Each structure stands twice: as structure tokens, then as C-alpha cells.
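The following pair of complexes shares a single chain, subunit A, combined with subunit B in the former and subunit C in the latter.
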Partner chain A sequence: MIDFQTNPDSYKHWKLSFDGPIATLSMDVNPTATQFDGYELKLNSYDLSVDIELYDAVQRLRFEHPEVRAVVMNSAKEKVFCAGANIRMLAGATHAHKVNFCKFTNETRNSIEDASKNSQQRFLCAIRGTAAGGGYELALATDYIMMADDSNSAVSLPEVPLLAVLPGTGGLTRVVDKRKVRRDRADVFCTLEEGIRGQRAVTWRLVDEVVRGSKFEEAVKERALEMAASSYRPANAQGIELTPLVKEQQDNSVTYPYVSVEIDRIDRVATVTVHAPETGVPTDLSVEEAFAQGADFWPLAVCRQLDDAILHLRFNELDTGTLIFKTCGNADVVAAYDEFVLENQSNWLMREIVLYWRRTLKRIDLTSRTMLAYVEPGSCFVGVLAELLFSVDRSYMLEGQLEDAGLPAATIRLTAASFGPYPMSNGITRLKTRFLGEPETVDACKSRLSENLNAQACDALGLVTYTPDFIDWDQETRMLIEERASFSPDCLTGMEANLRFAGPETMETKIFGRLSAWQNWIFQRPNAVSKKGALQLYGTGARPEYDLKRV
Partner chain B sequence: MIDFQTNPDSYKHWKLSFDGPIATLSMDVNPTATQFDGYELKLNSYDLSVDIELYDAVQRLRFEHPEVRAVVMNSAKEKVFCAGANIRMLAGATHAHKVNFCKFTNETRNSIEDASKNSQQRFLCAIRGTAAGGGYELALATDYIMMADDSNSAVSLPEVPLLAVLPGTGGLTRVVDKRKVRRDRADVFCTLEEGIRGQRAVTWRLVDEVVRGSKFEEAVKERALEMAASSYRPANAQGIELTPLVKEQQDNSVTYPYVSVEIDRIDRVATVTVHAPETGVPTDLSVEEAFAQGADFWPLAVCRQLDDAILHLRFNELDTGTLIFKTCGNADVVAAYDEFVLENQSNWLMREIVLYWRRTLKRIDLTSRTMLAYVEPGSCFVGVLAELLFSVDRSYMLEGQLEDAGLPAATIRLTAASFGPYPMSNGITRLKTRFLGEPETVDACKSRLSENLNAQACDALGLVTYTPDFIDWDQETRMLIEERASFSPDCLTGMEANLRFAGPETMETKIFGRLSAWQNWIFQRPNAVSKKGALQLYGTGARPEYDLKRV
Partner chain C sequence: MSEESISAGLGTLREDSMVEVNYDELIPNNVDLSTDLRLKRALESWQPKFLDWWKVAGPADTREFEVYLRTAVGVDPKGWAKFDYLKMPEYRWGILLAPKEEGRMIPCGKHKGEPVWQEVPGEYRAMLRRLVVVQGDTEPASVEQQRYLSKTAPSLYDMRNLFQVNVEEGRHLWAMVYLLVKYFGRDGREEAEALLQRRSADADRPRILGAFNEETPDWLSFFMFTFFTDRDGKMQLESLAQSGFDPLSRSCRFMLTEEAHHMFVGETGIARVIQRTCDAMNEAGITNARDIEAVRNLGVIDLPTLQKKVNFHGSVSRDLFGSEVSTNAANAFNAGLKGRFGETKIDDDHQLEGAVYPVTRLVDGCFIDEDVPALSAINARLLDDYIKDCQGGIKRWNKVFEKAGIDFQITQPHKAFSRMIGEFADIFVTTDGEIISEQEWNQRKTEWLCTDEDNVYIQSLMNPCMKKGEYAGWIASPRIGINNQPGDFEYVKIG
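Here is the complex of A and B:
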């Protein structure tokens, strides 16, 4: 069971320190504290356990340390910055773990870019020693890459020549699309085992600056202070503590205060229910009150729980092919929180909560399971929770009441949440993506803001896929689940990855759509993964045997 | 040996007929005239042999029939429009053939869209009977889809439920990105074996119009005439005949009048040399003269030969991992033709030649082999031929003269060709893509238009990767070839597909980058292709056995 919860006191692989507006995140991988058995994390190479801590650190920097304006990433090891993903780990991992691992590491690197772009917490990477493969890809996620100008420090993406796989954490895309390295130079760079050092790395746009070894630390500090000075983060802000998640795990369920996951192992379905607070409509919402509640403030608490639940399902429940999202509770309560958070984004914490929801919704979009939403009496698909409806592959809304229940018929309520603050990774909102073919419908939806839209209205607006009544509900949803379970899981993954992201492409969609898809293909090819493939033979001295056909 | 040359008199699967401004392209697949043994092309299903004829027809419509303003695609079979790619063929094909086949069929469908967009030869698809899988994908490539409104006619993409593979010819992308079908409806549609009929197909944006069966032919004719009337193709234009290519094939070479291919089977390298005409600089170029020369007019002749050579290498020379492009001849001759064609695009034939070069250069960009260019004394990388330099992964230019040869040092000459008429599939020019990180260099290049740029100048401008002199040339190019041959071919394919297309994405790049990559992955997965996979078991009545893990 892989657990994504940690905190700085428990870190085995990173050291987080603070000096005024500058934080330093030092990679110091403990070779023996691995996620699985069978390998050692030498030379600051990493596995999922290292990346879970990195994800935690990036999250905490944003919520617990608003005073931090620049983060220096460096290595605590003498001769190496980071050797990338551990090769023995990759060679021993299942296909599913490799793919999941790459996706999570990609999301974490995107979250570094998100912190810089949207929270002005800028990242500087200080490379001393070699930054190879995933090590250089980590650097690529930062704003400014400095490298010591000595015989030992170099950046490289040696995956192709050494391992017959691609750099899998955005490297190829970021080299040509973010750093805009000329494609022939990128070709040379990506086939060069030893990488590139010194001034040539600057000329080729691979790093931003090289500095003589003796002056390096001083120059890094200087640049970090400059970056901090250019950040418009609030002065004198006090962070809130991301307290440990309360979480009860049983064989077929995970329960958090506001999120519950029930797993049906026969149908291979997980039902994820998001709960509104059981209090009445809050009348005393204020920024001060939100700070006082801290990590218990509902919009933040529920987002953390949902994020954790999705990661749990991705990594620990591989056979669960379908996720059904439900909501439960008082819609007015959700609406009050939704409005409060969106209207108070001038406060850094409210803004961070919005940004965290944005990342979490993106994580849902990118989850390679069939995703459904059921809108039933008693649900509260309002505001940010309504975004779940537009994130899933299909949504079913029960028209009218259930036969024997006293609950009123289900409604959906759109708020400003659906029209801007939560863009997908393609850069536009879920509603815009949904209605690419009929942009006027986005306006029609906007004109119904804050209304309780019943099934008929939602159907007319195109907000849900189907609206069966209670007579048809059970049969329709049953047939759907059975049909979905009968399809090839791989094929659904490919189909969904192609249907979910219509419209514009961004570096993020390129990484997940193009780079990851090619990498997944290569992770299946004998040239990489068979007994005589490069990934398996690495380090043995034996030469891999390749099928020479070009495909 | 797969041959891409054919002509309407030899078609086995299509009937091409003409009625004033309307051409009708009727699919009437001969079940026994297959590309390979072991299957029959029932129900207008297709294999490569069918698509080679389609490609030929689309090309001839543009060059031989400028009077055609609208093309009606229909079926000559009673009950079926087209059943898509033949499943037995796919089940029996090698992975490499599947991938090559899908790429070629995609390129042909793109060429239909190109004819409509850029030559105003608009396509109308008239569906009577079922258009399933690749059959509907063919329809998706046209401008306007009409369907008979009867119990028999339907559109469907049944690959996911029936075969556990993706629709591989752009279907998923065109459904959500071109026709902008709402994603949840797309999800329903792509999992529905029987597809969608009648008005619902219109409401869901899957087709443009349905017409009662009895009125169908009449309505199609009416719409085709309307489309023809809205086209601005020239009146009274006379086509030119695409005469059979002269081509001499030997064990290790293919020789056309202006293109030669030499294959080195030890290094697995093909050298593709493009030759300028051996005449002097033409002083009497005129549109009339070009028409008189017809298919022998050099800019057209050399493009056809290059196109055929690339297809030959892709399909028949799978072990050839590297293509080296060279040019040979009088640069002034090439410059004269280049200028003439670009300046006379108001003439439909010159315009078609430009568009054909555009498609051929895109085909080169998309060729999954390592591509190099060698710029040596005696070469003529001028204008459109210089685009080859920016299409390849790396270019080597010999600085100065060769020791024992009298030829002057090599130069490169940029013309208007590099600044607009030949965009890549990402929608921008090769130079813009190359210099994404330094857009000012595109201007610097423009300021050197029509100059003979020597190696030093090309190096300074960043037009070539390396400029070794004759002392280093042999060793550097030898090391390069050996190094490339030592890498995993699969991995190079994935790497190059990610480095070549920086910058914006388009429907085309989405199809080749995202959809094809996922399809290639699925084509490797046991759920589709193992003995118990869906593709192998289709039609046997046995249920496929799936690995249920979601990846």
C-alpha cells in the first residue's frame, strides 16, 4: 500500500531549510530508504518515495511558507546533482507502476511550474555535479538553471543511448518547447551519454548561467535574492499548517472526513463521494476565520482529501477500472464556501486554495480510469464541485425524485467556478472544452448562474449526458457499468486520453498526450524491456540486442 | 515489394467518374484483389491496396481535373458504405506494417482536407449503408457528410468495443476537434458497436444532414452542385496528365530521373539524392512551357519522385534506420524554378505544385527514420530543396573544398520558400520552428535571401548543425552513422517524434503525435494483439481475455 502522506520531519531524501524569503530544498537521497525492495538509490537517483516527499515539500512551501519567494533546489551530495529515476527500480517495476510513476512525477514538476507562474514562488536550480535524465528534467521544471562551470558538472538526457527509453518526465518537450532548444541541437544533446558542460550548455539554451566553481554558491544566493525581490508575494504573511490527514482505511473503503471511497470489487468500480460540511450555511465566513480553521477549512480540507483519494486509487487499486463521483450534502453550504473563496482571491491563502483545486481537478482529468458522475437527490454539485461533472467521461442525472425517498429532485448549480478559475491542462475551461462546437452554450450557461438547474434544464443546456428517471436509473447505470467492465482497459485508456482534451494544446497536454504515449509504447517494446533489452541489461556490461526494424 | 504507382484504368477498388464540375469517387472494393494473402476485403473493407488507389485518385483529381470543384465519395455496394480497415488484415499484419499503414491512410485523409482547404476541391461524403470505423473516418475527412435516413444507414466507431484498438485514422481527434462533438457524447458514440443513425447523428454533430432514402441521391447531387458553385477554382482550366513514373529498381538502389536512392545494408543507411535538371539555367520559363512539359516539368517531376521514394523506403526498407538527404546539380537552375513556381501561384498548376511539395515535405517530417542532410560541394540546397535541411534531425555542411575535387565549396541559398509556402504540420514554417527560441534569427535569415551562404555563414545563422572541413568530414559522419545504428530503433522513433514538432499543435500534429502514439501502444498490448486478444479473436465467437489492470 503506497501512502502519499508525509511531512518534513519524516523526510528521508530531502532537506528543507529557510532563510528569510529563500527556501532551500536539498536532495540527499537515502539509498536504502526505497519504496520497494531490490534496488538502492545511489547517486541521488529516485523512486516514488523520493517524489512523494518532493510533492509534499512543494505543497507545504505554498501553504505553510507564504513568506518564501524563491526556492533553491540543489544537492547535498558532493559530486552529483541527481542521477534521475533509478534504473534498477524501473527495470523491476510493472508496466502499470512505470506509467503511474511517470505521471505522478510529471504532475509534481508541473506543480513546480504552477507555483512559480501562479504563486510567484520562483524556483532556481543550482547544479553542481551531474544532472542526468530525470535529474536534468527536475531542473527543467524550474525557472532558472545555474550550473557550476567545472569538469564535473554537466546536464544530460542519456536515456536514449543508455536505456533505450525516453526521458519520461517532460524532458524532450521542455527542451524544445520550454527552453526552445534548436531541434538539431536537441537531437545531439539527447543522444549524448556524457551530456553537455560549461558555456556550451548556455549557448545551447540548456541552462541559463554557468559560474566558476569557487564563485558558485555566492552567485546562486545572489540570483535567488534577485528572484525573491521580483516576486510579488505578500509581505508578512503567516502560513497555515497542513496537518496530517485523518483517514480510515478498510478492505474496500477509504474514509476521510469529507471524502469517502467505496470499492466494489466485482464490478471493479470505486465510488468517490464528496461531502459538504454538515453544519448549516456559514454566515460568519471571513478570511480570519478561514486562517483560524487552517487545514480544517472545508474548501482546503476536502481538496486535500480528494487529491489523496485519487492518488490512492491510481496506485493501489489498479483493477478498479471505473470511478463514479458523487456529492452529498447541503448545496447552499457548498455555494457559500465556493463564493467566499473565489471572491477573496486577493488573499494569498484563498488564492492557494483555488490553485490547489485547479491542480486536483487536472489530476482527475488525467486519471486513466473511466470516470462517471451520478447526480442524485441529496447531491450538491455546486461551483467547484460541478467541475467534477465536466471532468468525467459521462454524467447521469436522476430526473425527479426517488420512489421511496423524501429528498427533493437533484439540481446542479453553476457559479463563477465554471467560467475561469479552473482551466484544464489545455488552458481553457471545462465548459469551453465541452462546448467547443457550440460556444454560445457557454454564454447560455452563464446566464443561468447560481440557479438550481433541474434535470430537464441541465439536459437542455447539455450539462449532463443522460437524465433517466427513477424507473430507468438502476437499469441504465447497471448496463453502463457492465458494458464498461467488458471493454479492454488499455483501449479505454487510449480512447479517453484522446477524447478528453479537445481544443488547444499546451506544454502540459503535449507532455501527457504525446510524450507519455510514446514512452508507454516504448515501455512495451522488447528493445527496452525484454530480457535482452537495454533497461534490463543496464549495468551488466552486456550489450542489448535490438530488433532493427524501424516502426 | 509494395508499389505506390497506379492509375484509374488499373483501379480494382474505386470508380472515378466525372460530370462537369462534379467528380464521383465510388468505393467498390474487390474482395480478392488484396495487398497480401490470407484475407478477403468483404463489405468494402480496405487494406493498403485500396488506400494506394485512393491516394492516387486524390492526386489525379488535383492535377488532371482542375475543372472538378466538388467530389462526391460514395459506395457502389448496396448495403454498406465502408466497413473500415480489414480486421483479418490487421490481425495478420506485423506491428511495423500496422503502424506504416495507419500513417499512410492518415496522410491520405489529410490530403483530402488539404484539397478542400487549399485547392477548393471540396469533398462531400454520401453515406448509404453502414460507415463503420475507418469507413466513418473517411467520411470525417470530407467537408460535408450526408447520410440516408433509413434503418440501415449508420455511422460508427466500433473499434473499442469490438477490437480493443483505437480508431486509427484520426477518428477520435476529428470527432472532438474537427466536428467538435461533445466529449461525453463522443464517449458514448465510440463505445457503441451499432453506431448512430438518423437525426440523432445530426444532433450529435456526427453528420451534417440526413435525407430520406428515396430523396437521397437527388439531395446529394443538389448539395454537390452548391458546393461546386461556392468553389473559386479557375474556369476552363485544362489538367495535365500524371504520366507513369520512370523508375529503375535494383537490389540496393532505386533510380528516378531526378531522385536516386542508394542503400547501404551494412550501415542500414539510405542516401536520397535529389538532382537538379542537367540543362543550363532556363531562360524561357513560362506557364505555357510548364503546361507543355506537364508531368516532366522539373518542380513537379522531382516532387513526385521524392514522394514515391519516401513511401518506398517506409514500406519496403524497414531495416534502413537512417536517411541521408543530398542534392546535386546547378544551384542557379534550382533557384530559377523555385522562383518561377512561387511567383506564379496565381496559376492553378503552379499552386498545386507548391501544395504538393508542402505535403511531401510534411511526409518527410513524419517519416520515422533518423534523417540527416549532407551539404557537400556540388550540392544545390536552394529554395524548396533547402527545406530538406530544416526537415531533418541534423545537417552536416562541409566547410571549404574537398581535397582532390575541383568543385567550389558548398553553399546554401534561402529563398521565399523558407518563409511561408511550406508550413510544417504544426502550422508554422520550418525556420520558425527551428528558431522558436530566437525568432530574430528568422529575420536575420530573411535579410540574407538569395545569397550563397557558405559554411561559416550558415553556422553563424544556425542553419546547419555542424560544419566539419574535409579533414574531419569522413570521421565525423562515420561516427554519427555508427552511433545512430547502435541505438534502439523504437526509442529513436519516439525521441524524434517529440523533438521535431515544437511550437503550436494542430489537428494534424494531434493525430500523428497523440492518437498514433496511443494506437501504437495499444497495438503492442496483449489485450489487443495476443492470441487471446480482441483483434485476434474477432469473428471466432470466442471472447477475448483481458488483463484487467488499468494503466
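Here is the complex of A and C:
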């Protein structure tokens, strides 16, 4: 069972230290503290356990350390910055794990860029020693790359010549799209095993600055302070502690205070229910009160739990092909929190909560399972929770009441949440993406802001896929699940991923679409993974044998 | 062949499983409609639309006719129907399923031996819905095709039989609509509506299968249609009766009891035409059945023309079986949604992996029987069974010639004759199986298919005969009346 919860006191691979507005995140991978058996994490190479800690650190920097304006990422090892993802780990991992691993590392790299772009928590990468493959990709996620100008330090993407796979964490895309390296130079760089060092790395735009070894530390500190000075982050703000998540794990369920996951192993379906708080919104809800609640403040608490639940399902429940999202609780309470958070965006914590939801919703968008939403009486698809409806592949809303239940008919309530703060990785809102061919419908939805929209209204607006009544509900949903279960999981993954991201292309969509698709293909090919493939032969001295046909 | 013997299929039902129809409700049924809210509501809203369809597309100008009709009142083989005068729009189209066979197992395919499904398996939802829709679409289509026939009925007896076929095709539509709205939710309801919106031979919204967009312009065509085309329906119902989806199986098993009457109408209709022609020839002392002009002068259907009608309806109906070698059919069989004719009586593993079946194909200019994987030859096999089934009736027709001492035999055309679908769609073949060029086909096709002149002649005979006990001059009277009624019984009160 892979657990994504950790904290700095338990880190095995990273050291986090603070000096006023500057934090330093030092990579110091413990070779024996691996996620799985059968390999050692030499030379600051990483596996999922390293990335879980990195993700935790990035999250904590945002919530626990608002005073941090610049983060220096470096290595605690002398001769190497980071050797990238561990090759033995990759060679031994299942395809599903490799794909999940790459997706998660990509999401973490994106969250670093998100911190810089949206929270002005800037990242500076200080490379001493080699930054190879995933190591350089980590650097690429930061705002500013400094490299020591010595005989040892270099950046490289040696995957193609060495391993017959691609740099899987956005390296290719970021080299040309973010760093805007000329394509022919990028071609040279990506096929050059030993990489590029010194001034040429700057000339080719691969790093921003090289500094002689003796002056390196000093220069890094200087740049970090400059970066910090340009940030608008609040001075003197106090962070909130991301306390350990409370969760109860059983064979077929995971239960958090506000999120529950029930797994049906026969139909291979997980039902993820998001719960509104049982007590109403405090009438005197204030930013101070929210701070006092800290990690228990509902909008933050529920987001953390949902994030953890999704990661759990992705990594630990591979056979569960379908996720059904439901919500449960008082819609007015959800609406009040939604409004409160959106109205207090001048406060850093409320901003961070919105940004965290934005990342979590994107994580849901990118989850390669069939995703459905069921809108039933007693649900509370309001505001940010309504975004779940537009993230999933299909939504079913029960029209009218259930036969014997006293609950009123289900409604959906749109708020400002659906019209800006939570764009998808394509850069536009889920509603804009949904109604790409009928932008006027987005306006029609906006004109119904804060209304309780019943099934008929939602159907008319196109907010849900189908609206069966109680007579049809069980049969429609049963057949849907059974039909879905009969399709090829590979095809569903491919089909869904193609349909989910209409609209503009961004660096993120390129990474998750183009790069991941190619990487998945290459990861399956004999040239990489057969007995004579490069991944398997790496380190043996034997040369891989390639099938020479171009496809 | 009597109606009783045709309906013997019901003998397989257990006699103690008599289920009474609940006539207290709007829709006669033995499916507990009153406790099934969804179904009741769906059907009650569909019913008025069905009646509207009946008015505009059903038998024309017959609303006030009182027709001596049988109505299905139960599923007991001993007394499942009752006869009475009815105005057709008041016919009680109901939903009747053959009784449930306890412990029934899926008879074929990869789920063979598993308990039958009482609900639609989601995995096969789309395939199953398509099967039901295609079957359902044929039912109203034939009513539409026969809309104007009553105006030229050769007797009240025949008119009544036409109406009986029509109302029962209507009931078969109800049976399929029942399955759609009960088991397929929203899409099922949409498909049920669409069944009423398509129209036979409509340029924009035609019926799904080709033969159901052909005209039924005269009574000879009607008899041929009920003999050949309704027999395709019978074969399809037989294979759907083997379905692992039990409600479909039960629906089709009961439909087969009614379908038997339709083939009875076709078989005895043609037999009576033959009888009349033979009698007239004998009376006039004509022995040469090929002397068309002499026979036509007697005001009866000449026998070569009859053979041409057989050629046409036989080949058009064969196209309804689809491609002989078919992936769809293999899928449906393998999924257990559709069996073969008499599936449970066939002595094999009922899964057919690795098995082969000989399919007639054109190879190097010759017809040969080539072994193909049996799974993909499901349609070919059903077509072979169909051709055999047709032959039984044709034999009885030929007995009429024998008895009358007329030297003539009706034969079925070659399997490849005049086909638009399947193995022989692109070639030109005579009724004897000789492969010819398109040019030759165009020159010679009137040897095998009716010419305009033939059709004009047939039409010229289609004068109504509506006095009780009387028959048009081109058709003999039946040997026994419906429900044993006497010869001068007034089957339809035109008022």
C-alpha cells in the first residue's frame, strides 16, 4: 500500500531549512529507503518515495510558510545534483506504476510552477554536479537555474541515447516551450549523453546563469534574496500546520472525515463521496476563525482528503476502472464556505485554498479512470463541488424525488467558482471547455448564478448528461456501469483523455497529452523493455538491440 | 396444415402455468403491469401514439368494420385465444409472455450454462437493443405495406384473415415495445417512439429492412409475403426464442403461436389459388400449364406467373437473413443473445469454437460448399433451415397439382438467384443456378420475375368480393372456416 502522507520530520530524502524569506530544499536521497525492493537510489536518483516527500514539502511551503518568498532547490550530495528517476526501479516496475509515477511527478513539477506563478513563491535551482534526466527536469520546473561552472556540473537529458525512453517529466516540452531552446540545439542536447556544461549551457538557454564554483553559494544566496524581494507575498504572515490526515482504511473502503471511498470489487467501481460539514457555517465566520481552524477549515480539509483519496485510488486500486463522484450534505453550508473563500481572495490562505482546489481538480481531470458523477437527493453540488460535475466523463442527475425518501429533489447550484478560479490544464474553465461550441451557454449558466437548478433546468442548460427519474435510475446506472466494464480499459483511458481536454493547448496539456502518450508507447516497446532493450540492459555493458523499423 | 398443428409449439409450455390476462386494465397483459409503475406509465403514454399510427398507417377506411377476430387472452396452449366481433381500433393489443421456465439456462455461446438473464446485461445492451429494434421494426412495417389490401379482398374470409394478421403484427410490435420500455430505459423509450415514426417505403424514414419497404400491391403478393417473409419472421423469432435474455425469449415464444396463423394464411391462400387455377383448367380442358394466354382467359392466375411470384418473394425474403457470413451474427450467438433454429435440439457443444459449417459460395466461377467457422456462419445456417421450412409448404402446394392431375411443380429458386445482400449480391444467377452476365440478366429476367404486363394482369383480377360465402373467381374457398364457422359465415360486417 502506497501512502502519500508524510511530514518533514519523517523525510528520508529531503532536508527543508529556513532562513527568513528563503527556504532551502536539499535533496539528499537515502539509497536504501526505497519504495520497493530490488534497487538502490544511488546518486540522488529517485523513486516515488522521493517524490511523495517533494510533493509534501511543496505543499507545506505554501500553507505552513507564507513568509517564504524564494525556495532554493539544491543537492546535499557533493558530486551530483540529481541523476533522475532510478533506472532499476523503472526496469522493474509494472507499466501501470511507471505511468502513475510519471503522472504524479509531472503534477508535482507543475505544482512548483504553480507556486511561483500564482503564489509568488519563487523557486531557484542551484545545480552543483550533474543534473541528468529527471534531475534536469526538476530544475526545469523552477524559475531560475544556476549551475556551478566547474568540470563536474552539467545538465543533460540522456534518456534517448542511454535508455531508449523519453525524458518523462516534461523535459522535452519545457526545453523548447518554457526555456525556448532552439529546436536544433535541443535536438543535439537531447541526444548528448554527457550533457552540456558551462557557458554553452547559458548560451543555449538551458540554464540562466553559471557561476564559478568558489562563488556559487554566495551567488545563489544573492539571487534568492533578489527573487524574494520581488515577491508580493505577505510579510509577517503566520502559516497553518498541515496536521496529519485522519483516515480509516479497510479492505473495501477509505474513510476520511469529509470524504469516503467505497469500493465495489465486482463492478470495479469506487464511489467517492464528498461530505459537507455536519454543523452549519459559523455565523461569525471570519478569516481569523478560518486561521484558528487551520487544516480543519472545511474547504481545505476536504480538499486534502480528496487529493489523498484520488492518489490512493490511482496507485493502490488499479483494477477499479470507474470512479463515481457523489456529494452529500447541506448545500447552503457548502455555498457559504464557497462564497467566503472566494470573497476573501485578498488573504493568502484563502488564495492558497483556491489554488489547491485548482490543482486537485486538475488531478481529477487527469485521472485515467472512467469518471461519473451521480447527483441525487441530499447531494450538494454547489460552487467548487459543482466543478466535479464538469470534470467527469458523464453525469447523471436524478430527476424528482426518490420513491420512499423524504429528501427533496436534487439541485445543482453554480457560483463564481465555475467561471474563473478553477481553470483546467488547458487554461480555460471547465464550463468553457464543456461548451466550446456554444459559448453563449456559458453566459446562460452565468445568468442562473446561485439558483437551485433542478434536473430539468440542468438538462436544458446542458450541465448534466442524463436526468433519469427514480423509476429509471437503478437500471440506467446499472447498465452504464456494466457496459463500461466490458470495454477495453486501455481504450477507455485513451478515449477519455482525448475527449476531456478540448480547447487551447498549454504546456501542461502538451506534457500530459503528447508527451505521456508517446512515453506510454515507448515504455511498452521492445526497444525499451524487452530483454535486449535498453532499460533492461542498462548498466550491464551490453548494447541494446533495436528493432530498426520506424513506426 | 391446420392452425392447431402449427400452434403445437406451445405444447412445450407446462400446462399448469396458465396465467390469466388482467383485462381490468387498459392494456391486457400477464406481466403484472399494475405493479410496474415505469412500464405502465411508459406504455400508457405510448398507447395513444400507437392508435394514432394505426389510424394513419393501419388498414385504410375500416374503422367501423366489425371483424371476427381472435384475441390472445392467455398463454395456455389449450385456450389461449377467444373469437368475437370487434372494431379493429378497439382490439386489445396486449403484452403476453410465455410462462417462465424455472431454471432455464443460457443455451449457447460463451455464457452457455449460466442462468438466463432477467435484466439486460449492460455489456450487451447496445447489441440486444438493436436486435429488438430490428425485429420490432418489421411488425408495423407489414401492416403499412398491407394498408389498402382490404379494398380488393377476394372474400370476407380473406379480408378477416388480413385483419387478423394486421392486428397481430400490431401486437407483436407491442411485445417488442414492451421489452424496449421495460428493460432499456430512456433509449428504449426513444426507440419505441421511432418504431412509430418510420414508415414502409418512406423516402426519408424508411423501415430498416429492405423487404419491408417493398410494396404489397395485390393479394397474391400478400399470400406470398405471409408465406415467405413472415416465415423469415418465424425463423428470427425462433432464434430469439433461444435468447439468454429471458424476457425476449418468452416474448418470442408466445409470438410464434400467433405467427403460425400468418403462415397458415399464406400457405392456404396460395394453395387455394392453385386449386382454383387447376379446377378452371380442368373444367376448360386445358392441360398445358405453360399456355398462359389460355389460362388467363379463364380469369385465374396462370401457374408460370405464380412461379415468378415465388421467385421474387423467396429471394427478397432470403435477403432478410443478412450476410451468410456475419460477424454480427457471430457476436450475437456468442453473447448468448440469439441462438440457432432449434438450438436446444442440436447435438453439438452450442459454443462452436473451432466448429465449421458449409456455406455455399462462388469460387472460381462455381458454387461450392465451403467450410467456414460455424460461429460466423450462423446466418447461413438459419437461411438453410428457412429454405427447408419453405419446402414443406411448397410440397403441399405441389400435392394440389398432383391431385388435380395438372403437370406443374412449384420450385424454389437457386440460393443465389436475385440476391441483393450476402455472398451473391454482386452476381447474376438464373433460378437454376446458372451464372450469367448482367447484360444477359437484363435481357432474360422476365423469364423469372413478373413483368409489368404480368402485374397488370394480376391487378385486373383484384376485384373485391364482399358478399358472405362468396369468393373472387381466381381463388377457391377454404376447406374449413375460421374457428370452424360455416361456409357462409359473415367474417366482416361492413355495415
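Here is the rule we go by: the second predicted complex is superposed on the first by the 550 of 551 C-alpha atoms of A that agree within 3 Å, B and C clash if a C-alpha of one lies under 4 Å from a C-alpha of the other, contacts with A are read in each partner's own complex, and residues count from 1 in each chain.
One rule holds for everything that comes next: contacts are C-beta pairs under 8 Å (C-beta built on N, C-alpha and C of every residue); 3 or more make two chains touch, one makes a residue touch a chain.
Since this is a predicted model, take the numbers as computed values, not measurements.
Looking at subunit A, does subunit B or subunit C touch a larger number of its residues?
When the residues of subunit A touched by each partner are counted, B comes out ahead.
Just checking: does A:Asp184 make contact with subunit B only, subunit C only, both, or neither of them? Give me first, second, both or neither.
A:Asp184: touches subunit B, not subunit C.
Where does A:Asp472 make contact in the superposed view: on subunit B (first), on subunit C (second), on both, or on neither?
second
Thinking of the overlay built on chain A, is A:Glu483 touched by subunit B (first), by subunit C (second), by both, or by neither?
After superposing on A, A:Glu483 lies in contact with both subunit B and subunit C.
If you stack the two complexes on chain A, which partner ends up touching A:Asp307: first (subunit B), second (subunit C), both, or neither?
Neither: A:Asp307 stays clear of subunit B and subunit C.
If we overlay the two complexes on their shared chain A, which of subunit B and subunit C does A:Glu53 touch? Say first, second, both or neither.
Once the two structures are laid over each other on A, A:Glu53 reaches no partner at all.
Report for A:Glu399: first if it touches subunit B alone, second if subunit C alone, otherwise both or neither.
neither
A:Thr493 in the overlay: touching subunit B, subunit C, both, or neither? Say first, second, both or neither.
A:Thr493 contacts subunit B only, not subunit C.
Of the residues on subunit A, which ones does subunit B touch that subunit C also touches?
483-484, 486
Where on subunit C does subunit A make contact in their complex?
My answer: residues 37-38, 41, 119-123, 125-126, 183, 185-186.
Applying the document's contact rule, which stretches of subunit A touch subunit C when the two form their complex?
That would be residues 466, 468, 471-472, 475-476, 478-486 of subunit A.
Give every residue of subunit B touching subunit A within the complex, in rising order.
Answer in residue numbers: 95-96, 99-100, 159-161, 164-166, 172-173, 175-177, 179-188, 190-191, 205, 268, 318-321, 368-369, 392-395, 433-438, 462, 464-465, 483-484, 486-500, 502-505, 509-510, 513-515, 517-522, 524-525, 527-528, 534, 544, 546-551.
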